[in-house]
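The first chain written gets the first letter, and so on, giving A, B, C and D; residue counts start at 1 in each chain.
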């Protein structure tokens, strides 16, 4: 019984979203505002339990006195204070006069991840690619890959006007880009329809149980 | 002062993280791990800013009775309910009200929104795939071949033909070569863009995310 | 406004309606449009077909989450039907935390439908965290990873599990996953233990798995709903897979027709505009 | 081999049952039959020599040790009763220490992980038949060596140095006032036109900075473009709506827009209610943005940043609402949808280029030029690699295999 009620709720919400395909309407507005509210509450709670509580609150408030934990990764309570503080600094944004303090946390975060991002990108997208694309032009497929790559890179070359050889290469690049876009567009159709089939079978099978 | 300190912090942390990639030493990686965790915690804490903004915007809507304010009440109410069930007095375990609301309201709503794509991908194809130019033509033809090659009917059309003339084979070939070559190119270019931007951030040249120049 | 311009200005809601109908109809009237069985599917089918009835079981690892259910559940159903049809014993487990309920429901429904008996014909081990560790551990001793089944019965007390030690007692593993679990089975069950592994993955993932097929690391592969449909054709019980493929085929073709019509309209309208311009001049 | 094992098992059974009369412990036949390894009082022969060494002369943190041994004569052959190899680890030579793991028969290799770098370990291995364990085979003590540089990643460091050098050189040149040519990117004019049109129509501009977190460089690039857009809208007092899916991005966007309005002397035109946090949930966000498009009727939709499947949801609704749409992302999987459904699309690197281009700041242009010439370097390296490979010198290309 309980499940039936919940399934019905799910079904009604599902239909309200689909009603959007006809036109914007109260049902859709209802669904839209509902999911925004629910997800806001959801993430607030989940983030607290998954990150704040275990990594800040617990270690700090247990003040693991007497334990020898010192140094990074040791989960020492005083280390847990730092992110806790950074988090609190963010909240200075609620008070316009000191709002700029929040930039400190932002700086740490963005800076850290900027540094973190560079090397892996270099490795996966450039270095590895050099190895993968150093292909002798001895087979049709190799030619396809090398020409396509050259063309695309030429298209993304900003330092010169696209004329002469560069222009020609860039044109080749556009050809490859367009084929690529068309292909992956067509390739995606199937999985998108699968999603729809999933919802329809929820309505017809799980809810109405007519099939 | 207001800008120098955060930029200094950005620089130090950025460089440290950059170095970490090349140094297997425990001390370094442990520190890096710790700092990564700080990042996730800062983000987790930030959600409160978002929710604050959400409340402010909808609260004003309600107070001003600007159109659709009724729905704003809905948003705030549903959030409050979630918070109530998930609060210290509630529980988020499996079977809890919190979990039920998530599973039976947020999940179906989200996956239905997702499935709208099935409709939109069709309407987009109808209106966008026009032979306006040679490029558009390529886009169109590639899409059609791949779409046919993906479904049994496509296979059916070209059964009997030699393997290298069948639509499925053509599809796989297009995906594996022209498509891949083009995407490799985009990714490589984008990677350089990312690194240049990353460097600028670390050096404090790029600082718009801190809000303009002053 | 002539016919072409009308076509260009068509309200896209007609398109939406068409899509909706194309998805719903096959649920009630499966067309069973022709489905050509491809080698990867055939091979997986054969592998299952070679397992001795009432002997060493097929290990089916149902590793999908709700998001990929529509694509992968039909595979699970078809494979289970095939196995039970031939009285092949089946052990089901999952590596996805959200997979427990999905795996259980798929297994129990089919088992009931085919009148199979728990403990002698099939058995459900449930979920264990730590993908690679689980797979490796089972290669040494299943009982250390799954001391008891999902319902707390020690394996030794389950007739069909009694005396089973590790992959030596499992002729075939099939993993159905919308994430890296299927690869994990290749790396940690096939590589170290030479365990025969088959996989079912989403249509989008399928291309990444062809290399494993050609290198023989996978005995067979089901790619997306199409894979499921082909399997259903092989066991000739048409179900969700074929229904799904009906919708898929219809909509794919429909989109292509739309594109063609769109272009006819586009050029028709443009020609007319040109004519008018020349008249005006 | 299977067969020999069964035969031996049976033979073993006979001996056991015979011995049974002599008072040795009984072995229930059926149980024994189930198991290739009959429980007997005889331990399997010990495995052959055990060798331990620091894991691949370490690029690791010195916390792994690699072990190899020779099979026990009874593994698969001989009395054929090895069920597992037991690997023991200890900090002292005297005691066997703790059981590290049990490995199935036929295996001769194992990498022990998460050890204390530099500490000395004593390993020993035994063959085990389910009841009895062979004598341990020990090996010389080993310790993992800590490394300060990951040599396999040298190529990455080198090319990174080259790239950074290029960027910095061009940046310096730019600061010295050298004229650096950068070709116009078509999509960029489109942004300005779109905003202009919205102004004429007196309708708002919608700017979606993607759903990436602020650590995503696409998001940062987007914020740079946002500050440029905000300056235009501020001048013409066109409302600028910025919905966000990440709280930090929201507050960054607030800073950016407020700053931009201040810079063009319109601080009062800034409306905090237009920078909105909607939802961290991908499709809740998409749904809400669709709502904005249909109800607040922006005349220009700009999608700049990291987008996932929601891309087409937004672009199609935006089109239906009759807005001019310009997208920019480096998400290859979503580019097809933006390209087909938007009026203009900044593809991949163009997104990053745009931020440099718009802010016309020489320092930023340096990065763009650097990337350009890095492309040339990369292509040269590929060509060289291809030629060398063709001639059979693979070591050059292998240098770039870092995984």
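Heads up, the rule we're going with is that contacts are C-beta pairs under 8 Å (C-beta built on N, C-alpha and C of every residue); 3 or more make two chains touch, one makes a residue touch a chain.
Here the structure is a predicted model, which means the values were calculated and not measured.
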By number of C-beta contact pairs, the top two chains: A-B
Farthest chain (mean CA position) relative to chain A: C
Whole-Å gap between the CA centroids of chain B and chain D: 15
Chain A-chain C separation of Cα centroids, rounded to whole Å: 26
Between chain C and chain D, centroid-to-centroid distance (C-alpha), Å: 27
Distance from chain D to chain A - Cα centre to Cα centre, in angstrom: 13
Touching two or more other chains - residues of chain D: 153, 156, 160, 163, 214-215, 217, 220, 248, 251-252, 254-255, 278, 280-281, 283-284, 287, 295, 332, 335, 337, 339-340, 347-349, 353, 368, 375, 378
Contacts with two or more other chains, residues of chain B listed in rising order: 21-22, 39, 42-43, 46-51, 54, 68, 106, 109-111, 113-114, 116-119, 121, 123, 125, 127, 129, 139-140, 143-144, 147, 150-151, 175-176, 183, 186-190, 192, 194-195, 197-199, 201, 209-211
Of all residues in chain C, the ones touching two or more other chains: 12, 16, 19, 23, 203, 226, 248, 251-252, 255
Of all residues in chain A, those that touch chain C in their complex: 21-22, 187-191, 193-198, 200-201, 204-205, 211
Chain A contact footprint on chain C (complex, rising order): 13, 16, 19, 23-24, 27-28, 69-71, 202-204, 224-226, 240, 244, 247-248, 251-252, 255
Complex contacts: residues of chain D adjacent to chain C: 34-35, 84, 102-104, 107, 320
List of chain D residues in touch with chain B within their complex: 58-63, 117, 146-150, 153, 156-157, 160, 163-164, 167, 171, 213-215, 217, 220-221, 223-224, 226-227, 244, 246-248, 250-252, 254-256, 258-260, 262-263, 272-273, 275-278, 280-284, 286-287, 295, 309, 312-313, 315-317, 319, 330, 332, 335, 337, 339-341, 347-349, 351-353, 355, 359, 363-364, 367-368, 370-371, 374-375, 378
In the complex, chain A residues that touch chain D: 17, 20, 24, 28-29, 31-32, 35-36, 38-40, 42-43, 90, 93, 102-103, 106, 109-110, 112-114, 116-119, 122-123, 126-131, 133-138, 146, 150, 153, 156-162, 177, 180-182, 184-185, 188
